[in-house]
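Here subunit A shows up in two complexes: once beside subunit B, once beside subunit C.
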Partner chain A sequence: MLRLPRFQYHAPRSLTGALELASRHANEFMYIAGGTDLLPNMKHLLFEPPHLISLRGLRELDFIEVQGGGGIRIGALTTLTRIAESDLARRELPSLAQAAGLVAGPQIRNMGTLGGNVCLDTRCVYYNQTLFWRKALGYCLKKDGSQCHVVQSGKRCVAAHSADTVPALITLGAAVELQSPRGAREIRLEDFFSGDGVKNTVREADEIITAVRIPPQPRGRRANYTKVRIRNSIDFPILSIALAVDFREDGRTCDNVELVMTALGSKPRRIGNLHGVVEGRALTAEVIQAVAHQAHRQAHPLTNINVDPEWRREVAPVYVRRALERAVRAG
Partner chain B sequence: MSKKLNEMPVSNPNKGRTFKVVGRQPRKPEGLKKVSGEALYTDDIVLPRMLHAKILRSIHAHARIRKIDASKALALPGVHAVVTGNDMPIAYGIIPWTQDEYPLCTDKTRFVGDGVAAVAAVDEDTANRALELIEVEYEVLPAVLSPEQAREHPEIKVNEKAKDGNLSKHVFLEFGDMEGGFARADVVDEDHFYFENTTHAPIEPHCAIGQYDRNGVLTVWSSTQVPHYLHRELARVLNLPQNRVRVIQPLVGGAFGGKSEPFDLEFCVAKLAMITGRPVKILYTREEVFYSHRGRHPMEMTYRTGATKDGKLTAIDAKITFDGGAYSSFGLVTAYYSGQLLTAPYQMPAYRFDSSRWFTNKPACGPKRGHGSVQPRFAFEVQLDKIAHRLNLDPIELRRRNFIGEYTETINGLRITSNGFLECLDAVEKASGWKERRGKLPFGKGLGVAGSMYISGTNYPIYPNEMPQSAVLVRLDRSGRAVIFCGASEIGQGVNAMLANILCEELGTALADVQVVSSDTDLTPIDLGAYSSRVTFMCGNACIDAARKLRKQILEACAEKLQTSPEDLDILPGEVVCLKDTAKRLSTPEAFQLAEAKSGSLAATGSFKTNPLGGDYRGGTIGASPAYSFTAHVAEVTVDPGAGFVTVDRIWIAHDCGKAINPILVEGQMEGSAYMGCAEAIMEAQTYNSKGMHIGPSLLDYRIPTSLDTPEMQSLIIESIDPEGPYGAKEAGEGPLHPSIPAVANAIFDAVGVRLTRLPFTPAVVLKALREKEERERRAAPAAAGGQ
Partner chain C sequence: MKVVCTLRVNGEPHEIAIPPHWTLLEALRYELGLTGSKQGCDKGDCGACTVIVDGRPELSCLTLALGAEGRDVRTVEGLATPQGLHPLQDCFDLNGAAQCGFCTPGILMSAAALLEHNPSPTREEIKQALAGNLCRCTGYTKILDAVEQAAARLREARP
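Let's look at the complex of A and B:
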């Protein structure tokens, strides 16, 4: 069995307590919530923090609540199982509930939290390996090395963003609330990700995601989430598609389509140039085909995932088309 | 030889028997302990003062070891010893003629992951730290990573034991009139197939503990499936007399062939225990399990098959090239099995195979469930389907027409006794609704059939010896309890249950009163191990032999007491009854007490040895088995033509196991086999990058189906009642794997009209085949429109 490196474990009971510990152990700690991503990575010696500050005791961050203006706030410590099974989420934010319910397997969802999923480390076939394996390879850009094995001449890490909930949240216009010893801030989730796979979020090491805020959704919006993977459980996505379609009152005419795909490069990709294609039109086969065509043009899978990138690119429009057809049928 | 080869049994003593326990479905004796966590596996054993060891592995696919400096590691507090290849310079290997491995590499490393040194320390973390401190100076050598490279570059010698370049083994055998066979064929089909490398992925990683006591006795606990061979090799390599070595195999958490030869960890814990005087344990990481491998050989196969227009086979010509990895393992046998085990259940008038195994700088391949014959079976059964389609014959009908029959001999000299293959075909045809549904399902849905046969144990041991194949000692005591001592390996397949069920059948004991002590070389008589599906046939017969000796003693003692003759008594569960006067009864403990008093002790041994079998030519004994099982599957699939995903919805499995001693265990083996085959059909692949590195040695990257990806399965047990098997039983653990892969391939053809010949059938492969078909049809369309 792989061994965890040694660390000191801290279990604060409050946000203030956690932030105090963060100040005390500055630069020598990592936060841990469910641990389902961090601990395997630590066993691979990708991270060896001397201190782990656990957020599990921060019960104040475990909630799903409706806000005054109709938006929904979800505490960062809310488990993925709770979101997947929440009546409120399933009714108001179906694509998020679907995405949460498709993460890994049941045991992981019982432990994994929304905040943890949003902060999921990027993944790559040359990175998520043991120290022995990485040594035999000669290491890589993301950890201990200087060469990218996905893009041979690449200067920037392209490890794959693989969090299921994120593309869904971006289509819903979500923002993350962050708290650090220096104060609080809020960032649109779309702006939360940098394009660098080594550290693909703008979160500072001592910042805790406290909540995810989802604004009130337009009336007539239909959203869904598609996760493509080889097995029907456990696997990370090899392609994922979050869709939100805004229909006018007639339930047929489309105002807008939000389409975000991930498991490509280091950040989720918003498929652009859709407005002109869909606005004021019914989602006919022709229009759907045009949207799918944009997805095919803009999505570029890489060999950072061990599933044929050519095939993934080829099927991207197929799954986009199916997602749109589902949205039409849902009316 | 006193008896001639392949003598056919003159009668079938197993026909028409009735049973009291056999055929029912009692629980596995160790089942509750396993589900509750009470059962002990090797890693559960913790001995006082035990050290933990780790193995330093090569980061190069091929390198000469110039120098190893372990001084810094030895200086680390908590480190007790370091061993390298020079400490164990005797080669080992499961096949006596191809011993080409060392516990740790002596001069060079031959794949990424090959063992170089081992450290024993107070705990795993210290041992891991010490590994980082061992300095190895390598001279990196060019590596060969495919059979083609191995053939083209004989100057890059992977394995010095190879006589000719990098050729590990070549077998060429020809039977019957090949030229004549092809000459009278109305159709001849030639196809190329590829079977990808797959591995066993048992949930329990390999684990071993060594202990060397003050009396100079070495004890090794290991998660092996061959304690006897391990015993021999430990003694030989460590230069100890065999009577100073004891091997104990605790319960094993899955093996599937992946634990059927000695591995580096067993020698390392033994040597380190001898050096330190303390017990030493090694538990492989999951990554190391992938490097120890010995899984399915990747094979490139070309089959040319001729048939008459009514579907009768006339000749089969096979050429097979396989990638063996860096060491021989069972490769010599694999090379033979790749051809020898194809010759039933269909009559082959002429047959030839030409198999070559090549050494490459990758982890060694070996036996995985259905050793050597799963790959050829895939190719051949897909080709049969093609021929049936070409001749416009129902694929089941084509198989029926070529049925070899029972109590016959195959073209390569294998003696076939009972054969329920036709009943298997009937059963899957009926259960799947084949006649009504095949070819009539909507586009994207399809049904496919395939058949196969497999051995019930190899007729000859791995090394020549005169011992029985299996022996059993049974001891009864006055309380009514029984203990069965047997060398057989319980690896989850149910050998303990099988032995206990036999004893209950023969002696009337309650299942709860039977204890099975298995696979401890000090306590148990000989058994050669859990491989080649030999256990039920061989240990089962040995157990019946021992039990019947005791039965005679018990009946004689009871007859004396009840003043009747032994012939008038019968043993029922819990009692002995006089058939002529049923008021005369004795409980099982009473009966045992009487027998013990009369004979002084109550113990008996039984054994089993096979008769001379096989073909009268070089290699003709490889593939010879006292009995063969037969299987037919129908698979139902759904293909997503947009993305290429194949979903296996259902598999109907009909298997002729002779007689199901415990039907629930037989069904478990049938379902487990079909699951494993289905996984290889749609998902599993073990591949290597350009540096010779395994691309993902973990259970996240090496994907095996989850419960959500597993088809519904229906097991249909066929009992042909073998004349020589225990109560008529044959094997059930490996045979039922074979047809699942070609059945899925043939179902995909029925569903979407594409022939897939390269495994696994990933969505990318399926989609590409569909696109190519569309392209072909597009091109053909204007031509078909008729020269306008």
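Let's look at the complex of A and C:
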């Protein structure tokens, strides 16, 4: 039995109400939406905020809408199930719908929200444990300790970024809209992650993600998402791959490939140096092999997940190749 | 300090006094005496605490009791009627789909939510719907058989 630490609970009915509470309880609160990531972490005493401000009552943030220019905006309180089942998302943003439909299991997708998934805490075999377990090891860099057990001399936490929707959203060029008592701002999702697992996003504690904005997609784009995990349900990824391939009008010649992998380090990794490999070429076996080779060179899994990092590195190009082959066949 | 929490469980309103940090599962089991929903892993892995909230299966161990206010909660205790067992319960019995029985209430609720949305699920759709519920005894085959049989019975009962 895992008990939650004590806190006071607040259930505002509007964004304004939530921001007022945030000002009143500054530095002593956390926001909670679906709760599927925060509550297990609180049960492990990784967070003990005196106040929880629930965002569940902010129905104004539950929507999927087409914008004037053809982009799509999704409210942060939209559940992962709703995104996975949305006809609009499946048609226009298939990799995002696939990713949302592969998060954890059905119950958690019914509870978990897009904003929550974007803010998912990083995960590590030495971190997601009870207080008893962590204390026995002398704690770790991410919580209460000074030593990293993954990279022994490491000064930066390398807990794994594990959110499924994020790599898909980055390949689609998405941005997040944030609101705090101090004002609003928008930031590209690619710039949202800091690369330090202790606090791996640039979101300030009082900022609420209100929506994710996905710009209009290129006409010939084909996107998909691959999640590698031990069981085909419930588990977090041990490797995940989001792909977007832009084809020219002939449906064969490739203009560009966006490839983002995660569950490696504490931020999603965009695989670089692909443009020169693919531009103006058909995705033949050799070209696909060259892209897979880049993924292999640039992917560096760590022992932050309880699955052999060397194996994870060796399968990365295999899954990248299969994802590219799926994109070719989808034409 | 305790606070007043108003829950609607199996169609009945309840007003209870609980600490704000209690989960829905704790409120159900330790305040309302509804011990059908099981406390398994208590951190969202196993599905033994699954209840139906506003028509969808959710995990009561990761739902705050106060967060369930104003929502419609159904537990395994609400499945049977005075006329008898729910077809799912009857078919679990007939097929030997429960062994130790610990996972059964959660699986029944995931299956009940499925059949309410989709009266004729394929075997694959049943597997997907139960993918968040772990069973360590049965190997799942008899559970899938039971859900298929219950779906057929429910379809016959509906003209």
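Rule of thumb we're sticking to: the second predicted complex is superposed on the first by the 331 of 331 C-alpha atoms of A that agree within 3 Å, B and C clash if a C-alpha of one lies under 4 Å from a C-alpha of the other, contacts with A are read in each partner's own complex, and residues count from 1 in each chain.
In this text, a contact is a pair of C-beta atoms (placed from the backbone, for glycine too) under 8 Å apart; a residue touches a chain by one contact, two chains touch by 3 or more.
As the structure is a prediction and not an experimental result, all values here were calculated from the model.
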| said: Once chain A of both complexes is superposed, is A:232 in touch with subunit B (first), subunit C (second), both, or neither? | reply: both
| message | Tell me the contact category for A:36 with respect to subunit B and subunit C: first, second, both or neither. | response | second
| request: For A:151, decide between first (touching subunit B), second (touching subunit C), both and neither. | output: neither
| Touching A:111 in the superposition: subunit B (first), subunit C (second), both, neither? | second
| task | Check whether A:290 is in contact with subunit B, with subunit C, with both or with neither, and answer first, second, both or neither. | result | neither
| task | Could you look at A:282 and tell me whether it touches subunit B, subunit C, both or neither (first, second, both, neither)? | result | neither
| said: Taking the superposition on A as described, I'd like to know which of subunit B and subunit C A:54 touches: first, second, both or neither. | reply: second
| message | By the touch definition at the top of the document, which applies to A:135: first (subunit B), second (subunit C), both, or neither? | response | first
| Taking the superposition as given, does A:202 touch the first partner, subunit B, the second, subunit C, both, or neither? | neither
| message | Identify the residues of subunit A that lie in both the subunit B contact region and the subunit C contact region. | response | 1-3, 6, 105, 232-234
| remark: Note: in the complex, subunit B contacts subunit A through residues 57, 59-60, 112, 124-125, 128, 205, 283, 285-287, 642-644, 683, 691, 693-698, 700-701, 703, 705-709, 762-764, 767-768
| Okay, in this complex, where on subunit A does subunit C touch? | 1-9, 11, 32, 35-36, 39-40, 43-44, 52, 54, 56, 81, 104-108, 110-111, 232-234
| Okay, in this complex, where on subunit C does subunit A touch? | 3, 19-23, 39, 42-45, 47, 50, 53, 56-59, 62-64, 66-67, 69, 110, 128-129, 131-134
| said: List the residues on subunit A that touch subunit B in their complex, please. | reply: 1-3, 6, 105, 125, 128-130, 132-133, 135-137, 228, 230-235, 306-308, 310-311, 314-315, 318-319, 322
